[in-house]
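Paired with chain B in one complex and with chain C in the other, chain A is shared by the two complexes that follow.
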Partner chain A sequence: MRRHGPGPDAPRPRRTVVPALLVFWLVIPLTPLLMWATATRWSGVARLPQDFGLHGWQEALDAGVIAALVRSGLLGVAVALIATPLGVMAGRALGWRLLHRSALPSLVLLGPVVLAPFAVAMGLDVVILRLGVPGEIAVVLVLSVFALPYTTFTMRATYLGLDPALEEQARVLGATPGRARRRVTLPAASTGLVTATGLAFLVGWSDYVVTLLIGGGQIVTAPMLIGASAAGSGNDALTSTLAISVSLPPMLALGAFTYAVARRRRAAHS
Partner chain B sequence: MTHVQSTSPETRDGRRATEALGGARLVAPAVLLVLVVTGTALGAVVATSLGLLPLVGQPRLSVDGFTVVAGDLRAATQESLLIAATATLFAAVIGLAIATVVLRAGRGRRIVIVLTVVVLTVPHLVGAAATGLLLSDVGLLQRWTGIPATSWPELVGGRWPWATVLELAWKESSFVALVVIASAGRHYADLREVAAVLGAAPRAQWRRVLLPLSAPALASASLIVFVYSLGTYEVARLLGRAYPDPLPVMAYRLFTDIDVAARPQAAATAVVATGLALLSAVICLPLARRLGADR
Partner chain C sequence: MSPRLVRLILPAALVGLAACAAPAPPAGSTSEDRSWSQISEQAAGQTVDLWMYGGDRQGNAYVDDVLTPAAAELGVTLRRVPVADTKDAMTRILAERQAGSEDGAVDLVWVNGDNFATGKQADAWRCGWSSQLPNMKFVAPDDALVTQDFGTAVEGCEAPWHKAQFTLVYDSARVAEPPTSMSGVLQWAQDHPGRFTYPAPPDFTGSVFIRQALYSASGGYAQVPAQFDQDAYDELAPDLWKALKDVAPSLWRQGRTYPRDSVALDRLYADGEVDMTMTYGPATLTKLVAEGTFPATTRVLPLDEGTIGNASFLAIPSSAGDAEGAMVVADLALSPEQQALKAAPETWGQFTVLDTDLLSGSDQGRFDDLPASDVVPAYDVLSRNANPELASAWVGPLDEGWRRVVLGAGS
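Up next, the complex of A and B:
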């Protein structure tokens, strides 16, 4: 490594400018949503809305946003219920190196990252039409496949950081294998478990193209409403309120989770 | 990592065999689900593209699905590659900048990391709707800059896919940043201290410590962003121009065409998109692995 003499560590403007530019980059695309969601009139080239109000929210309620959000939530829960347990099992095998050859299963489980959801949905749509499988089941299955890489590799990383000896000790002390897993390992893996569940939920919650292709417009989730509004209506206040309604719940859940983890860490340290 | 200690080789081998059997049982359900769903779906897409799974009529092996729209396929492939390559480049550079600010623990670190996580949770569809409201000729930037709508550049739906690229780069820069932070963060603090003690200037610390440490994560995250951008539908659908449309938009357009004869063409488009993504993975994975092995 080349050595440099210790120079004067004067504050340089770049240290403030770069973070400020990054904050601008991250915030600016969301700004019009927040402004339109509180505007009732914003015509022409006016820099700010002429009238503020919650008109857009009333329209979103009329468009059935509550039912659509519930449907999105159910889809997220269904995907998490399939992809999380399967991911926990696979993550345990990969993280604790319980397989002779783990390269092939790892490759298969990473595979969905490379595949385009629209291509998989399109292919499955052809098959379910012939087999008469309900669209809802196909949507959940496809999205679970796309959630599996997230749950598996989150849990693999979690198990890598856990000592298998802990579970063995519980068994030596008389716990059954199932009880040792449930009472010892899973609580120790809880942060990873919540992260994996959250990621799987988000795959179902925010999906658009799989529901659109397989559901054929019959399964009206919240992203369907946003897509319809953004593509054709020209009603920017409605689009913005719908977009905020979809984005806010995961953010609040993430905030609550981060707060809970920080509190637990503080409690553990004190 | 093994938790079997001070046992005889025979017992150890027996334990390993039992473990491997248990391990196989643990991965089997996930592997089976992925293989059955993606195998069935991709098999059906390939069969449809070759005329073997027509919606109506008799199956007949033919490559018409590919040849009839060959010109459009070429244009769509170019558009998709252009979008994916540019978005990946922007996402990688900006993602690395975000990771640098966060890992160096300098000014503004906390707000940058909070915003990065917030952006990651926002769905692409929301990002696309928001980008449209920001960059269109009656969008927020046009209103704020005061440039007349007639002189405003065609960022949304114009000749060059600016809005699509910027939305993908925006969302994915947060993904790249978080992957790099998670992977390099642990070692960087220690190594940076050593580098500082040895007299390395901040710039040298970045080039000689942070960059090599981040390289494997940066490479794999960039590959994921590239294949994601190749396969994403909603962003280009909302922000792109009508022609040439990228592969996913073209596939959906043909798939929903009133003429069911367009189905093989839609499937052919999906086959090309899947082939491109797989090819990029095959080309880039060894590179990512080599960067990781060098560490």
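Up next, the complex of A and C:
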């Protein structure tokens, strides 16, 4: 007798349908962006752009997208340089349960994620102005705080998967505490470390409100160009082009990283 | 406390700083007692941060390619900070004001209406300077558009930059007998179902359309008090909502939906879906027709009762670190040369705030040389019987009232 409807092998199609839906959900919103980036005219009634061209790209260059991307990149690197080491220390303490009451620091660390960046920026800007901290430094410090939860929780998960005994063995074999950490634990945690660095970088790379309000407009980054362009009407080609040029570098980096990890796994298995 | 805990708490404590904001003593506004030559001497070498709405590509290009090089010749470096909304600049200015900074990051802001009123209320503007700019002598002293900004007295706290005139636009090939008044326009819309609509407030242009309709429904702008008054609103608004609700079923898509902004409306007009559009910057029409975006038969639709006009300004925050440089830039922006360059439709197409009768012969020539247009009449024709803007306090209640009463009244 043939079975009708969902049977024991129903999860199999679901295994392909769900990822397909996810990809669809992620890719569909990007399609108009890609089309606008190559359109010079696309009126509301038409399904496809009437005129194709690279106007948007020329306008993006005129708007200074290259310099803005460089500034965004530097900001991302600065944030990652501060937030990643702090996240490693905090994640190690939390992951290896080196604290008696680890719930409290976890809660405090979630603060920046829970609070709206706008609210934080609005309160902090006056304090920072009064302390006389230069805008550029203040932006890096505040964004590092926003990045800390991401780095900490990523590293916490990484350390949870590592055995503290590994480090102890290195100590037994005569390594100093610092050397044991650098040469034994950190290499084992490298995937988590790269992920944490990437997340911290993205916090600086993609921020608008803190960079503008705390930074006082001294650093004009790529998200500021996008925000300004998106606020105007008739800028669809420029806005899409800017959005794509901001998304591409991290996506390429992610692709390269995933490829490298996969290769290393394959090498380790063979 | 263990050292490990300290390591965790230190970064977290940074977050806690957010709670420490407290009010600062007032900085007070300055009045100018230096001579202009002293000011321009001090300005040399300063870097002026001009915060302006960055969504207008022509405006960005004018500032970057025309105004900035001209400022450099005066020894002032002009830096444009693009913002998505002028309110972002206001947030920064008010924070600097609260912190009592004297070396603020915002030196100059493109502003008018509500934002100017907010800053003035907070005493956040440097005042008494704009009336002393050398090029102010070319501005008519009794020009109400320049002395009042959406009902707030300017009082030397901002320098005029350009004028805007609300203008209705139609395609003469498709509208045989154009209406000549606002009530006529609404009647025309009812007689030609689906051929008219307007941007949904709070879009800037949609919002002024509502105010223009309010003047019309109330029997002229003189019947509407310029300062907001709840009693006046309660008395006048019902007629306005009735007029707009009556026309709604005859609008594009039966008034079930409205274009989200003026560009969306422009696109409907360009595609021939509607026969009329509207704009605050009619000077740009010439370019749109020349590029073929709008049909060649596009014409301006004058109203007998006149339309709403306003001006936008450059203001200097009281916390500005490079105020002298900012004054030099504001004066430069007001010069006949810059005003004429900016008025050219291919540059930005913004109407001058200068009174051309006050200019020298050669400067008048700059404005006479501006390309004449078949589409757009000169500013003095467009602004005939110009209606004043209502105080900015009117704008919010009208936009909100429209959303509650009219939106969704389509069939």
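Following the convention adopted for this analysis, the second predicted complex is superposed on the first by the 240 of 270 C-alpha atoms of A that agree within 3 Å, B and C clash if a C-alpha of one lies under 4 Å from a C-alpha of the other, contacts with A are read in each partner's own complex, and residues count from 1 in each chain.
Here, a residue touches a chain if its C-beta (ideal position, glycine included) is under 8 Å from a C-beta of that chain, and two chains touch if they have at least 3 such contacts.
This one's a predicted model, so the numbers in the text were calculated from it and none came from an experiment.
*Asks:* Putting chain B and chain C onto chain A via the overlay, clash or fit?
*Replies:* Clash: chain B and chain C overlap once superposed on chain A.
*Asks:* Using the superposition on chain A described above, determine whether A:173 touches chain B (first), chain C (second), both, or neither.
*Replies:* Neither: A:173 stays clear of chain B and chain C.
*Asks:* With both complexes overlaid on chain A, does A:232 touch chain B (first), chain C (second), both or neither?
*Replies:* The second partner, chain C, only.
*Asks:* Going by the contact rule set out at the top, does A:105 touch chain B (first), chain C (second), both, or neither?
*Replies:* both
*Asks:* Return first, second, both or neither, reflecting whether A:63 touches chain B, chain C, both chains, or no partner chain.
*Replies:* second
*Asks:* Once chain A of both complexes is superposed, is A:164 in touch with chain B (first), chain C (second), both, or neither?
*Replies:* First partner only.
*Asks:* Using the touch definition from the top, say if A:145 reaches chain B (first), chain C (second), both or neither.
*Replies:* both
*Asks:* On chain A, which partner touches more residues: chain B or chain C?
*Replies:* In the superposed model, B touches more residues of chain A.
*Asks:* Touch check for A:135: first (chain B), second (chain C), both, or neither?
*Replies:* second
*Asks:* Should A:220 be classified as contacting the first partner (chain B), the second (chain C), both, or neither?
*Replies:* A:220 sits against chain C, while chain B stays out of touch.
*Asks:* Superposing the two structures on chain A, identify the stretch of chain C from 22-30, 40-48, 148-156 or 238-246 that clashes with chain B.
*Replies:* Stretch clashing with the third chain: 22-30.
*Asks:* Under the contact rule defined above, give the chain A residues that sit at the interface with chain B and also at the interface with chain C.
*Replies:* Comparing the two interfaces on chain A, one with chain B and one with chain C, the shared residues are 45, 86, 89-90, 93-94, 98-99, 105, 108-109, 111-112, 115, 119-120, 122-124, 126-127, 141-142, 144-145, 148, 208, 212-213, 227, 229-231.
*Asks:* Touching residues of chain B toward chain A in the complex: what are they?
*Replies:* 1-3, 16, 19-20, 22-24, 26-27, 29-31, 33-35, 37-38, 40-45, 48, 53, 94, 97-98, 101, 106-109, 111-112, 115-119, 121-134, 138-140, 142-144, 146, 148-149, 167, 170, 173-174, 195, 198-201, 204, 208, 224, 227-228, 230-234, 237-238, 248, 251-252, 255, 266-267, 270-271, 273-274, 277-278, 281
*Asks:* For the complex, give me every residue of chain A touching chain C.
*Replies:* Where chain A meets chain C, its residues are 43-45, 59, 62-63, 86, 89-90, 93-94, 98-99, 105, 108-109, 111-112, 115, 119-120, 122-127, 129-130, 135, 141-142, 144-145, 148, 208, 212-213, 216-218, 220, 224-225, 227-235, 238.
*Asks:* Spell out the residues on chain C that touch chain A in their complex, using ranges where they run on.
*Replies:* These residues of chain C touch chain A: 2, 4-5, 7-9, 11-12, 14-15, 17-22, 24, 49, 51, 53-57, 60-61, 81-85, 88, 91-92, 95-96, 98-101, 104-106, 261-264, 266-268, 270-271, 273.
*Asks:* Quick check: in the complex, which residue numbers of chain A touch chain B?
*Replies:* Residue positions touching the partner: 1-7, 15-16, 18-20, 22-23, 25-33, 35-36, 45-47, 82, 86-87, 89-90, 92-94, 96-100, 102, 105, 108-109, 111-124, 126-127, 141-142, 144-145, 148, 152, 160, 163-165, 168, 202, 205-206, 208-209, 212-213, 223, 226-227, 229-231, 236, 239-240, 243, 246-247, 250-251, 254.
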